[in-house]
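Every chain is named by a letter (A, B, C and D) in the order it is written, and numbering of its residues begins at 1.
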Amino acid sequence: MNALAGILAFVVQKLATALTQLFVVATLVFSIMYIMPGDPVLLLLGSESSPSPETIAAMRSRLGLDQPVLTQYVSWLTDVVRFDLGNSILGGYSVGQVVADNLPRTLELGLAAIVIASLIGVPVGIAAALNRGTLVDTALTSMTTIGISVPVYILGALLIILFSLQLGWLPSSGYMDIGRNAPEHFRRLVLPAFTLGFGLAASIARMTRSSMLEILNRDFIRALRAKGMSERRIIWQHALRNASIPVVTIIGLQLGNLMGGTVLVEAMFNWPGLSTLLVDAVSSRDYPVVQGSVLAIAALFIFINLAVELIYGLLDPRIRRRRT
Amino acid sequence: MLSVEGLSIGFQSQDGVVPTVQNVSFNLSAGEVLGLVGESGSGKTLTSLGVIGLLPPNASVTAGRVVFEGVDLLSLNQAEMRKLRGRRISMIFQDPVASLDPVFTCGDQIIEAIQLHEKIGRGEAYRRAVALLEREHVKDPARVMRSYPHELSGGQCQRIMIAMAVASRPQLIIADEPTTALDVTVQRQVLDILERLNEEVGAAILLITHDLGVVYEIADRVIVMNGGRLLEEATRDEIFRRPQHDYTKALLDAMPALGKRRDRLPVIERGGATDAPRAMASAAPPAPREPGPPILEVRDLSKTFLIKSGMLAQTQRYQAVDNVSLSIARHTTLGLVGESGCGKTSLSRLIMRLTEPDSGQILFNGTDIAQLSERRLFPVRRNIAMVFQNPFGSLNPRLSVQEAISAPMQIHGGVADRPRRVADLLDAVGLPRNAGQKYPHEFSGGQRQRIAIARALALNPSLVICDEAVSALDVSVQAQVLNLLKDLQAEFALTYLFISHDLSVVEHISDTIAVMRAGRIVETGPADAIFAAPQEEYTRILLAAVPRIGIEREDRQERLQ
Amino acid sequence: MTLFLLRMRPAVAASALLLAAVVAIAIIGPALAPYNPYEIQHLKVNQPSSPQHWLGTDEFGRDLLSRLLIGIRPTVMVAMGATVIAAAFGTFLGIVGAYGPRLVSFGIMRSVDILLAFPPILLALLAVGFWQSGVVSLMAVIGVVYTPHFARIAQSSTLQVMQQEYVQAERSMGASPLRIVFRAILPNILSPLMVQATLTIAAAILLESGLSFLGLGIVPPEPSWGQMIGTARSYLSINPMYLVWPALCLAMTVLAINIIGDYLRDLLDPRLRQ
Amino acid sequence: MRKLIATGLLAAALASYSTAGMAQSTVYFGISGEPTTMDPMMQTGTTFRTVKLGIHRGLVNYDVDGSISHELAESYEVAPDGLSITFALRDALFHDGSPVTAADVKASLDRIRDPEGAASFRNELSAITDIEVVDNKTVRLVLDQPNAAMIHYLALPESVIMPASWIEAFEADPNVAPIGAGPFRFVNWTRGREIVAERFEDYYKEGKPHLDEVHYVFYGDENARVNAIRTGDVDIIDYVPARELEALEAEAEIRTERTFGPFMGLQFNTQFEPFSHPEVRQAIAYAVDRAVIINTAFNGIGTPIYGLAIPEGYMGYSEETTNYFTHDVERARELLAEAGYADGFEARLLASAQYSFHQNTAVAIQSELAKIGITVTLDLPDWANRMSKASVADYDFMVMGSLGEITDPDWLSNYYYGGTQLVRNNNSAYFQDDRIDELLDQARVSTDQEEREALYAEFADRALELSPLVFYMWRDQSYAVRENVQGFTNMPAFLSFQSGFSIENVTVE
């Protein structure tokens, strides 16, 4: 009962923090339109013909840009709370709808990358830790150092050349709806997810190695040995669970880089995700879309971080009741 | 039953194998309690790890045999050894909280330990675990089983460790400093449990400790180790009545013991030790100065901390210091004793104004400094100095000793020839003058504490607050530092507020005593009076819990009651 | 551990050498360049390695070796400059966040949390995407982007150091906050900051190259490695080595920094030192 | 046996996954970006035009050979005085099943003419003073003066006809699905990914279209686009980078459809002191070696221009003026000296980093102009900022990469005409020459071919003499097509950007 209340309080507290963060982010996002140079109205009007001042004023009022900033802010925020992110200046389409379409695809890419990274990184890290100081360790550790040093776009280019252009095993780009053709959906996921996950795999492997080494030096491991527990059980049941706490943290910390990586990976593999949307919107100055997608990415990021912290709390009972 | 023959253990290093334990032999028969005594670095823990086969990877047995029930353990492979561990030989470690896996509940860990060696169901194992805890008089075993290690106290964790160790009725229990991390009253309880288990289960116990008092309490026989060698082996009575080896004698002498106040503690001489001649046992104590009027008076001092376990959790009030009043006469020492969490450190921080008090007065030389602004407080600070517990933590690792000692002079100014003053101070605390150019990590714990003392004395303060200043030190080093403190008190006309959990030490150094519990002073008075005839129940319990050489526990309790 | 370090030592030495060379070339690079790196030779575009042009030429017929050599400078300047900016501001904010008045530190650390909620490249992309890019603005933007990382580390290290008794000792002596910050705190939080700095240099190089790759980095005709890679990707079918050289230089440099970072981490880790 | 069948099925299944097309006749068209709107009257770039020409048709359109093709109009007649055009509509249906009527035509074209509106060709279509619905299938456009170019403007993808009811719906909600009378019916638009259109069974051309489905897939990154056609992820791509042409042609399964359409050149801000002198602008025309631009920014693929950017066969083209300039650094220096800039000057060149050929052209020009003492600094924002800056004349001179919208020579008006608005995207800022304006006005209203020829010849001389715009080269505008796809035509010269029209002819094997 007490434990349950503790967990609940922990979750509520984290949730409150996340929501506060989101609110501030939303405010920052709103101000993007005012901070950034380049007049959206001119962009909207001026491709071939050159707009008259009256036309510009008319467009301004149509977009609500002639209102006082505070009024605009309040109405924008009210809309956001109701999940209404407004309409694209250029296309007129609902930003919320488009973000809702693109978000799952970025999320899928990111999650696939994390899964791949964990599947590679954790075993490699454990293997290096258990073979500490041997040639195996040196080889694996060197590989992970190389892994975190190779830029995403170089890796992506290499993978496309090898697996798409030379071997022809996997498609180089694009997205397929899972409902339309599930196997093709996953075939198209492989390369971008691997490209995105590779650096993370290296980070996870490094973190797993060092935290395994640290845990294996802890007193309770010796106590477990003194109980007569087998090494295998010590490692898989006790050491790994303890070591996973900093590893989960590193995954959380690396999410920023991972989400950042999607900007490059989505462009390279023509993956129709949020980053693609954002990059396009930035270059076309479609402010509502920029605001909407930045907000969505930040929200995604904040809530994944929240999830990480909650997992962290589950893994480590000490966190739940830490005194502040 | 256990016979260790000529055991030698060495550490692998770049320069080859460094022998650390050399040619240690001893026997242990069934049901016997053998105390293995030594200071840090004596090789006692390594010896025990060698027995159970859990040496760190860079250490290895270089010679000898460990025969357990007729089998040489060193000849067994890992799998065979594993079958013995936990079932026939189990081990209890110094730090019970760190020795439990933090992410599993205690219940899971006990059950796991039971199931490791016996093929029984989880329900059965659970009942067995609860039974074990009940036998140790653990209150509310079901709740303890549900708890994670960090939610329990050190004493409770140690009981869980013991429950696991005795779960499969081992023939031998190796207990490595099982009570060192615990408060004295808890230590009492744990020792009781060990003793009773020894009787009930019939297991032999190899008790490794630096604390002669603990050994005296429960050991049948004692072996003494120093520098990796076994120096002496004898029955308990023999070793305490007629110690043969000089080291043993010195060790016994150097230990402040309740009821045996001496002006100075003899120190242990070691070959090539850098400790200075001043601290030699033979040096004559300077005459103590006459007590004067109170230099420090604390009146009704209170401090409440607000603790919030979560954003929405209820804020809890924690009364760390509750209406405390005390007074220290000039040139005397007030000993403040209490168990961990009693508020004694909070009190010292309040007096130093490192924490802001809620209410009350702190009269220093008659001036209330409790509410002074930091600016107004500044000139007062040069007259109050502090020596902290942890000799490794209280010196900034990035500053040389010279810089560290001159820090107060830099802050307050007023000393013309700082290098000279530093040299004088180094002399005073018995450190070589070239120590000034070195950095703290180049010194041992005792030496660092001397540096900290030198720093405290830099501006000729009138009051020095020593917060557990000798608690982290070995017995012999502790003796040196205590002597030094006494000498300096006489030489520089110092007044001490001496805070410690160790009653023997406090008794040794103090003129007056204040006993603290749960934020309050429960009893205060002259040291002799309090130790001879404690008025309060708590003081009595505290005193009864301290192991005392030469007095059997039962006698002690009777006498106090 | 000693054994491990011994084994690492050649790699560390090689990395240090490489980095020294990189910095040296950043300073004197133009003097080493065999050709004018801006000189267009339209009849010699996209050539493979030859005795005249050791690494071949780019799409303007410019000598690749010369461009690689001068391309170090903006790369190094952006990375180092950004790291210095991030380290200075971040450390300041972090120490204030740990040591300063409650309300100020709360404000700072919440802001840091929020900035950390944005992926670095996203922030940089927004900033550089809307404004003009160039060495100075990249430096500033990347510096700002990594400031919260330093602030976080400086804050947690400061909190840790403040628990230490030597800080209490300083306070009990009546040391001023400035003295405590500069004598007691700063020297003792330097190690984690150094490690973070190496990581940030590596990350800044990758970020700069990523932005240049997206066409938002260094302005042509100035070369930077990331920009060369971004361009070279388009010429893969014509001149694959165009991609290989700058990619190799970039990856090797980042690798060397990471190796040094690992080494520093091991060296400065107090647990390993004792 | 069962195992064998299973293996066979598996193999078949795998084989089908590895090709992009699931349905028998689906074409995946990789286009270089995502349309920003579905409002047909907006000219937002080639990608939208490609999609538009799959879904919509106008009264007339440019056919694959460049001629004016009668689409929704079965025929049209220009009144003898040139002051009206009457269209007779054919029996065509919109995708919602309603017939194409004169009211729909009026509604569509009125919307473009709306002075309050933002239609890209509002100015051009404002020459229509009234639209009369004669009967259900006949519509008459009334002009203020004769206008030879009008039929061309009506052939643009921006002048397509939508149902009047749809226009109303669209004004209320810009997200309604587009409805046209073209060969393919809009199915859906997945933002960031693709627009799907399916065959319109009731298309008015018998037997067309041939495909069941067209997927317009957005590939903003040109390397990804080229990779996609290599691996067969898509069947057609637009904007093939010049550097990839050779390699793509070498592939057995891919062919390229090439044409020289757009031109590259410079626009000048004539309020920037040095560029107010025609001599300086001419000097810049002389100074730049066209081969440098072609070889570096366009990988050797392109045709130099030494005169005006009028394609051969277009009105205004003449042999004499094609080689008005040469690459002559000495002459350039002389001209600079004449204008008083013997020691050169400093100037800011606006281009965009978003399109590598724009950026590379700027780099090449920078290097060439350095040789006559002009120090050029580059301003390379992304395309949106570049457009912003262009629209407020925030540049000294600017890289131009463009083409004529129509095949009638009146396209030149947009580039050279002065008038009331002197800062436009396609002219040299603040350039105004009365003679040129006169010539362009006269030529527009003239219906006499010979008279027009003479007027445009005189215009050409004047335009070269003043050189408000300097042209350097025709650039290649190519599509790449998988060999199993037939019938796609890259339409010639200026019409290349309207090649999406030919999707109605495409078949797939």
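Note that in this section contacts are C-beta pairs under 8 Å (C-beta built on N, C-alpha and C of every residue); 3 or more make two chains touch, one makes a residue touch a chain.
From a predicted model like this one, the values you see are computed outputs, not experimental measurements.
> Can you list every chain in contact with both subunit A and subunit B?
A chain counts here if it touches both subunit A and subunit B, which gives C.
> Name whichever of B-C and A-C has more C-beta pairs touching across its two chains.
Here the pair linked by more C-beta pairs in contact is A-C.
> Based on the averaged CA atom positions, which chain is farthest from subunit B?
D
> Find the geometric centre of each of subunit A and subunit C from their Cα atoms only, then give the gap between the two centres in Å, rounded to an integer.
One centre to the other, that is 22 Å.
> Counting only Cα atoms for the centres, state how far subunit B is from subunit C in Å.
Chain centroid spacing, subunit B to subunit C, equals 47 Å.
> Between subunit B and subunit D, what's the gap in Å when you average each chain's C-alpha atoms?
Averaging C-alpha atoms per chain gives centres 86 Å apart.
> Approximately how many whole Å separate the CA-defined centres of subunit A and subunit D?
Computed value for the inter-centroid distance: 39 Å.
> Pull out every residue in subunit C that's touching 2 or more other chains.
Subunit C, residues with two or more chain partners: 129, 233, 236.
> Provide the list of subunit B residues touching at least two other chains, using ranges where the numbers run on.
Within subunit B, no residue contacts more than one other chain.
> Provide the list of subunit D residues touching at least two other chains, using ranges where the numbers run on.
223, 354, 382
> Quick one: which chain pairs are touching?
Pairs flagged as touching, ordered by label: A-B, A-C, A-D, B-C, C-D.
> Where on subunit C is subunit B touching in the complex?
Touching subunit B from subunit C are residues 2, 164-166, 168-176, 179, 183-184, 187-188, 274.
> Please output the residues of subunit B touching subunit C within their complex, sorted ascending.
Touch list, subunit B to subunit C: 14, 349, 352, 354, 374, 377-378, 381-382, 384-386, 388-390, 393-399, 407-408, 411-412, 441, 452, 455.
> Quick check on the complex: what are the subunit B residues that touch subunit A?
Of all residues in subunit B, those touching subunit A are 52, 54, 78, 82-87, 90-91, 93, 95, 98-104, 112-113, 116-117, 146, 148, 150-151, 161, 164, 307-313.
> List the residues on subunit A that touch subunit B in their complex, please.
It comes out as residues 3, 6, 9-10, 12-13, 16-17, 218-220, 222-231, 238, 241-242, 245, 315-318, 321-324.
> Considering only the defined contacts, which subunit C positions touch subunit D in the complex?
Residues in contact with subunit D: 38-40, 42-43, 45-46, 59-61, 129, 132, 215-216, 219-221, 231, 233-238.
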